[in-house]
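Both complexes below contain subunit A, partnered by subunit B and then by subunit C.
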Partner chain A sequence: MADRLTLTRRSPAVAPFARRSVGLALRARRPLGLAPLAWTAMALYAAFLIYPIVQGLFNSFTNASPLALSSAFVGLDNYVDLFTDRRLLSSLGFTLLVTVFVTVAANAIGLALALLLNRSTTNYRVMKTLIFIPQVLSGVIVAFIWRSILTQNGLLNSVLQNLGLIDAPVSWIGTPGLAALAVCVVVSWVTIAFATVVYTASLQSVPAELYEAARMDGAGVWSRFRNVTLPMIAPGTTISVVLCLITTFKLYDVIAVLTGGGPAESTKSTAFYLITVAFTDNRFGYGSAIAMLLLVLTAAAAFGLTALLRRREVNL
Partner chain B sequence: MSSNPRNMRRSLVAGVVTTAALVALAGCGGAPASDQSSAATFMTFETPAITPEFWDDSIAAALESVPGFEVERIVTPDADRNAYAKQLQASGQFPDLLASISPKDFIDADLLLPFEQEWLEANFLEPDANSIDGVTYQPPSNSQVLPMVFYNKVIFEEHDVDLPTTWDEFVAAVETFSAGAVTPIELAGLDPWSASMPVVALASADVLGSNPEWIQDRYDESVSFTDEEFVSAMQKQRDLIEAGAYSDSALSVDYATANTNFFDGKSAMYIMGSWLVGAFPADQAADFGAFPLPTDDGSVVVPLNVGGTMSVSSKAADAEKSMAFAKAWTLAPESMKTLIETDGAFPLFKNIAFEDFGATVTPLYDDAYAYVTEDTVKVSAFGWVTNDDALPPGVADKFYSLSQSLFSNADVEGQLAQLDADWDAAVAE
Partner chain C sequence: MRRSRSGGLVGRGSHLVVAWLVTIAFVFPIYVALSSAFKSQEQILENPLSLPAPFTLTNVITALQRPDQLVQTGLLNSIVVTSLTVGLLIPLASALSLYISERRPRIQAILLAVFAFGLMAPPQVVLQPIVGLLHTIGLANTYPGLILSNIGGGYMSFAVFVYVGFLRTIPKETIEAARVDGASDLRIWWTIVLPLVRPATATVAIFLGLWVWNDFLNPLFILGPLQGQTITTGIYVSLGTYSTDYGQLFGIMFLAAIVPLVGYLVSQREFIHGLMSGASK
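Right after this comes the complex of A and B.
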C-alpha cells in the first residue's frame, strides 16, 4: 500500500521512461509472496495428474500396446467392448461390494473407536497411536501380514484349531466367498485407522458446553450423541466417508499381495483387472478405457456422496 | 493471490516458466547419457532358490569376460516377469538384459535380439529347442520337467501303494490315500502359477501326448479347447477334486507352505516343476521319488520346458557388449552349477559334461534327470514353454486360474469355451 501511494504521489512529476524504471525497480523490490509456490504446485499437478489423465483418455481411443511404439485410432471400439466384458463386470461387482463394506465398516467402527478414545490422557493417546499404525503401513506390508495370518497353516487357523473351534484348517483366502470377505476385512482394518483419526479430530472440536447444556436439558447418552455429536462431526463424516470410498474404489496393492485376484479371479478389483489387461494382455488402449470408466465412476460416486452428505450437514 | 493485475501477470509468467521447466525436465528424464554406453540394466527375479547372492556372483563372474561393461540389476516385484518388462517398456525403461521372460510376447515389437545360430549350434545339445519361427531369443541352456509327480516313498509303503503307471492306477492311489489320514496330492493353490501344475500336467500328458502339434493346431484354429480331448483332460482335474485328492483348504496354501507340508509327510504326492528337486532337504531326498503324470494307456509323456535365462534387448545402449555379457553369463559353469543344485535345472550344454559343473545333487535329481536323457516322449509343458508353443499374451494366466476355478465350478466345458474366447481375443490383438 505504501509503495502504491508513493508511486501515485510522484508519478505526475517524472518522465515516462523514469516512471517505467521506477515501476520496474519497485516491482523487483516487491515480495513475490506465495505465487511461485502455488504455480509450482499447479505445474506439478498438471504434469503428474492432468497430463496422464489426458494421455489416458487419448489412449482409450486407440489400440495402444505397452510394446508397440505406435497405435491406431479405433474410435469408440474400446468403450463398446466395456459393455460385453464379462470379467470387467465381475470386477466392478467385486469392487462395489468391497467399497460398500469398507466404507460402512470403517466409518461405523472408526466412529465407535473415536468415541471410546476421546480422552486426552497418556494411555488414550498411546491407544490412538496404536490404532493409527495400519494407516501408516504400506498396503503391500499389510497384505503380507494378513496373508501369513490367513493361509492354511497361518495364525488364524492355528489359534482356532488350538481352541478346538475347528477340526481342519479353513480356506480363508481359497474360496471365493471367504476370500472376498478377507479382502473386505483387511482393507477395513486399514481404513478404520484413518476414519478413527478423522472422527477423533472432529470430536475434539465439539464444544463441551453443548454437552453440558444438553445434559441440563435432560438429554441422555443416545440423545446427546444423536443431537449434539452427530451434527457437530458431520463435516468430518463427509471427509471420512468420501475418502474411504475413493481409496477403496482404486484398490490394487492389498489384492495383488493377499489373493492375487484369486481364487479363480474372484477377488479381482477393477484396478487390478485393468493392470492385467494393459500389461499382461497387451491391451493398453482397452486398459485406458477401463481406467477412464473407473475415473468417471469414482468421481460420480464421490461427488454424489459429497453432495448428499453436505445436504445432510445442513439439515442436521 | 493478489488482485493487482501486475501481480497476476507476474504470477502467470512465473507459472508458465515453472511449467515449461517441469515439462522440459519430464521430457528429458529418460534420455541416456552418452557416458553410460558401456552399462546395462538387467531385469532379474528372486526366489528362495535364486537368491540375490546368486545374481550378484554370477554377474560379477560374467563381467570378467566383458571388460569396460557394467550391469545394474533390477528385480521384478513378483513372478510375472513379462508384465513387469512391459511396464518398464511402457515407461521407456525397457531393460537391456532380461532373465527368464517369455520372448514371444516381445518379438512382434522387435524388442529382442536373436542369438546367432552358429553360437547356438556350437554350444547346446538342442540348439533349436527354444526357437520361435526358427529364431532363438533365449539360449536353450537347460531344461526342466514341468511338472512331475513327486511322491513320498514312506507313505506309499505304509499304504501299500505301488507306483501308478496308468491313470486308473493313479486314481486308485488317490482313493487309497484319501481313505487314510493323508492328503493324496499337495497343491500350492493360492497362486495361479503354482495351482496350475495339475492342469499343466494333464494338458501336456493327455492332449500334447496324443497330438504334440495341438498348440500349433490351435493357432491354426483347427482344434479348440472345447474339443473332447481337452475337455476330457480337464475333467480329470475336476474328478480329482471331487474325489478328495486335495485338501479342503488347498487354495489357501502358498508355495512355501505346500513344500513344507510335503516334506513333512502331510501329503503323499505333489505335482510340481522339477525345480522342486533343489528344494528338498538333503537328508530327506532319499525318501522321495518322482514320475511323470500317468496317461490312460500307460505311455510315458514328459512335459519339458527348454529354456535359459538371458534375453537381450534390441534397444540396449551397448548391444554388442550386452550380447557378449549374455553369452558369457549363459556359458559360465558356475551359473549353471547353482541352477542345477538349487533350481533342479537339467543342463543342455554340448561342451561341458555334467560332472564338470561340480554340482552336488541327490539321487532324486538323477532319477528326474533320467526322464530328460532317456528316450521318452517329450512334449511342450503346456502354458510354460517359451518357444513356438508359447500361448498368446495373457492366455497362460487364464489357463492357470482354471485349476482354481475348477474347485468351485463344475462346468468344465463352459470354462474352456471362455478360454477359447480369450485365446481368440488375444490372437486378434
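Right after this comes the complex of A and C.
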C-alpha cells in the first residue's frame, strides 16, 4: 500500500479502488476540473441555507426590525418571551396535534391501502396511479378543493343533510375544533397518497419465497404480516414516517388556503405563526427566535425518530 | 401475483371490487374538482356529485380570457422558474455529488451532514434572512432572486442525496478506467458519470420539477405581490378576489393542475421508481 500512496495525480490508475483506509490516495487525485462547479454549488448552498440559519441565530439575540434603522443586542430576551407567548404555545400544541394525527393516519392507512393494492394487474396499477394524485397537486389546489367540499353550502353538508344525519349545515372550517380536524384530514389525505406508494414499493421488495416459507411453517395471515411483512418493509416505514413528520412541520399552503390559521388562530401551526411574526408583525428578532426553536424541534424530531426507527429496523 | 394471496376467482373478484371502492372514495375529491371545472356555478352548488352534464367549457374559456392574463402569465412564469431551477440544479448538484463522493469518508460524512440540514429545515426558518440577503444584493422581488434561492436551498440537498446515493452503486472501476485513459475530471463527469446516473437525474428532475412548480411560500414572499405570479401563487390571489365564483376558480385550477398531472401520468414509472429507490435506501 505504501508505494501507492506516494503516487501523484499523474498516475491515478494505480490509486486503489479505495476502501476507507486510503484517504491520502483519494486526496492525491482531487478532480480539479470539477471543483468550480462543485464549489459554485456549495457557495449557493452556503448563501441560501447556511447563512440564513446563522443570520437567524444572530438576529434572535437582537430586536431587529425593518422599521427600525438599527437594532440592539437584547441577550436572551426573545427566548424568554417564547415561554410567555400564548399564541406560540398554542401553535406548538396545534403542530403537535397535526403531526401525530397525520403521521399515524398516513402510515396506518397508507400501509393498509398498499396491502390492498399490492397486485400487479392493470386494474391495480391504475388504482395506484390514481391514489398518488393528491401528492401531485399543489397544496393550494388541494386545500381549495377541500374548502369547497367543507364550506357551509358545500358537498359534505348537503350530503349529510340529504341523508338526514344533520339538521343544519355544520361550519366545518369555521369552528375551532372542527377546523383543526379539517386540517388534519386534508394533510393526511396528501400524505396517505405518498405513504401508499412508499409502502407499495416496499412490499414489492419482499421476496415471495418468504411468504411461502412462513406459510409452510403454518403461519397465519396475521403472523405472516407481523413476522414477514413488517420487518421487511421497516426501511420504507422509516422513510415514510420521517417524511410525513417533516412535511407537517413545514406545512404552510394548506393552512393558508383552508383556514388562514383561523378561526380564532386555532389552526396556526408554529411555521405559520413564524411567518406572521416575521412578515406581518415585522418582528425579525423575535421571529428569529421562533425560527431557531422550530429548527431545533424539527431536527430533534427528525433525527430522533430516524435513530429510533433505524434501531427498530434491526430489532424487528 | 403471488399464488398464496390470490384465492379463488370469487375471492379475487370481491377483492377487486373492494379495492376499487376504496380507491374511488379516496380520489373522490379529485372527481368533484374535475367535474366542477366543466359545470356551471348553479350545477356546482345544486348537484355537486353529478357528472358535468350539460358539459360546459365556459369556466376554462373565461379563465383564459381574463384581462389580467392570470393563467397565461402564471403558467409562463412557472415554466421559466421551474425549468431554470431544475436545469441549473442538475449539473451543479451532480458535479457536487461526484466531488463529495470522491472525498475521504470523514469529509464525506461531514458534508452530507451539512446537506441533511437542508433536507429537514422548514423553509419558513430561513425565509426572512433570505429576503434580507436578496435585498442586500439587489435581487429582492426578482425572478433571478427566486431561482437562486431555489437552487441554494433545500432542493439542492435533495438532489445531492439522490446523486450521492446513486453514485455509490456505480463501480469505482468505471471512473478509474476513464482516468487511466487520461480523461479530465470535467470530461469524466460529462461523458461517463452523467449518462450513468441518468435514473438519478430523472428522479431529481421529476421531483424537483413538481415541488418547484407547486411551491407556494418562496414565490409568495420572494417575488412579492407586485412582481407577477407563478401559477400557484396566482391561484391563491384569485381565491381572494373570486372567493364565491366556484366555476371560475375550478376553471383556473384545472388549467393550473393539468401540467403537473400530465407530467405525472407520462413519467409515472420514473416517479414510482424514484420513490422506490428512495425508500429502499
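Following the convention adopted for this analysis, the second predicted complex is superposed on the first by the 267 of 316 C-alpha atoms of A that agree within 3 Å, B and C clash if a C-alpha of one lies under 4 Å from a C-alpha of the other, contacts with A are read in each partner's own complex, and residues count from 1 in each chain.
The criterion applied here is as follows: contacts are C-beta pairs under 8 Å (C-beta built on N, C-alpha and C of every residue); 3 or more make two chains touch, one makes a residue touch a chain.
Not measured: the values here are computed from a predicted model.
In the superposition on chain A, contact of A:175 is made with subunit B only, not with subunit C. In the superposed model, A:44 makes contact with both subunit B and subunit C. Once the two complexes are overlaid on the shared chain, A:65 sits against subunit B while remaining clear of subunit C.
Residue contacts after overlaying the shared chain place A:271 against subunit C, while subunit B stays out of touching range.
For subunit A, the partner that touches more of its residues is C, with subunit B and subunit C as the two candidates.
Touch criterion met: A:302 reaches subunit C, while subunit B stays clear of it.
After overlaying the two complexes on the shared chain, residue contacts for A:279 are found with subunit B and with subunit C alike. Looking at the shared chain after the overlay, A:139 reaches subunit C, while subunit B stays out of its contact range.
In the superposition on chain A, A:263 makes contact with subunit B only, not with subunit C. By the touch criterion defined above, A:35 lies against subunit B and subunit C together after alignment on the C-alpha atoms of chain A.
Of the residues of subunit A, those at positions 27, 30, 32-33, 35, 38, 40, 42, 44, 46-47, 153-154, 256, 275, 278-279, 284 touch subunit B in one of the two structures and subunit C in the other.
Residues of subunit A that touch subunit C in their complex: 12-13, 15, 17-18, 20, 23, 26-27, 29-35, 37-38, 40-42, 44-53, 55-56, 59, 113, 116-121, 123-124, 127-134, 136-141, 144-146, 148-149, 153-155, 158-159, 189, 192, 197-198, 200-202, 204-205, 208, 211-212, 215, 235-236, 239-240, 246, 249-250, 252-253, 256-257, 271-272, 274-275, 278-279, 284, 287-288, 291-292, 294-295, 298-299, 302. Those residues of subunit C that touch subunit A in the shared complex are 1-2, 4-5, 15-16, 18-20, 22-23, 26-27, 29-30, 32-33, 36, 45, 48-49, 91-93, 95-96, 98-100, 102-106, 114-115, 117-130, 132-133, 148-149, 151-154, 156-157, 171-173, 176, 179-180, 184-189, 210, 213-217, 221, 232-233, 235-236, 239, 246, 249-250, 253, 256-257, 260-261, 264-265, 268, 271-272, 275-276, 278-281. Across the complex, subunit B is touched by residues 27, 30, 32-33, 35-36, 38-40, 42-44, 46-47, 63, 65-69, 86, 147, 150-154, 157, 168-176, 256, 259-260, 262-265, 275-276, 278-284 of subunit A. Remark: subunit B residues 1-2, 6-7, 10-11, 14-15, 18-19, 22-23, 26, 78, 80, 82-84, 86-87, 89-90, 105-106, 108-109, 111, 189-192, 195, 247-254, 257, 260-261, 393-394, 397, 401-402, 404-405, 407-409, 418, 426, 429 touch subunit A in the complex.
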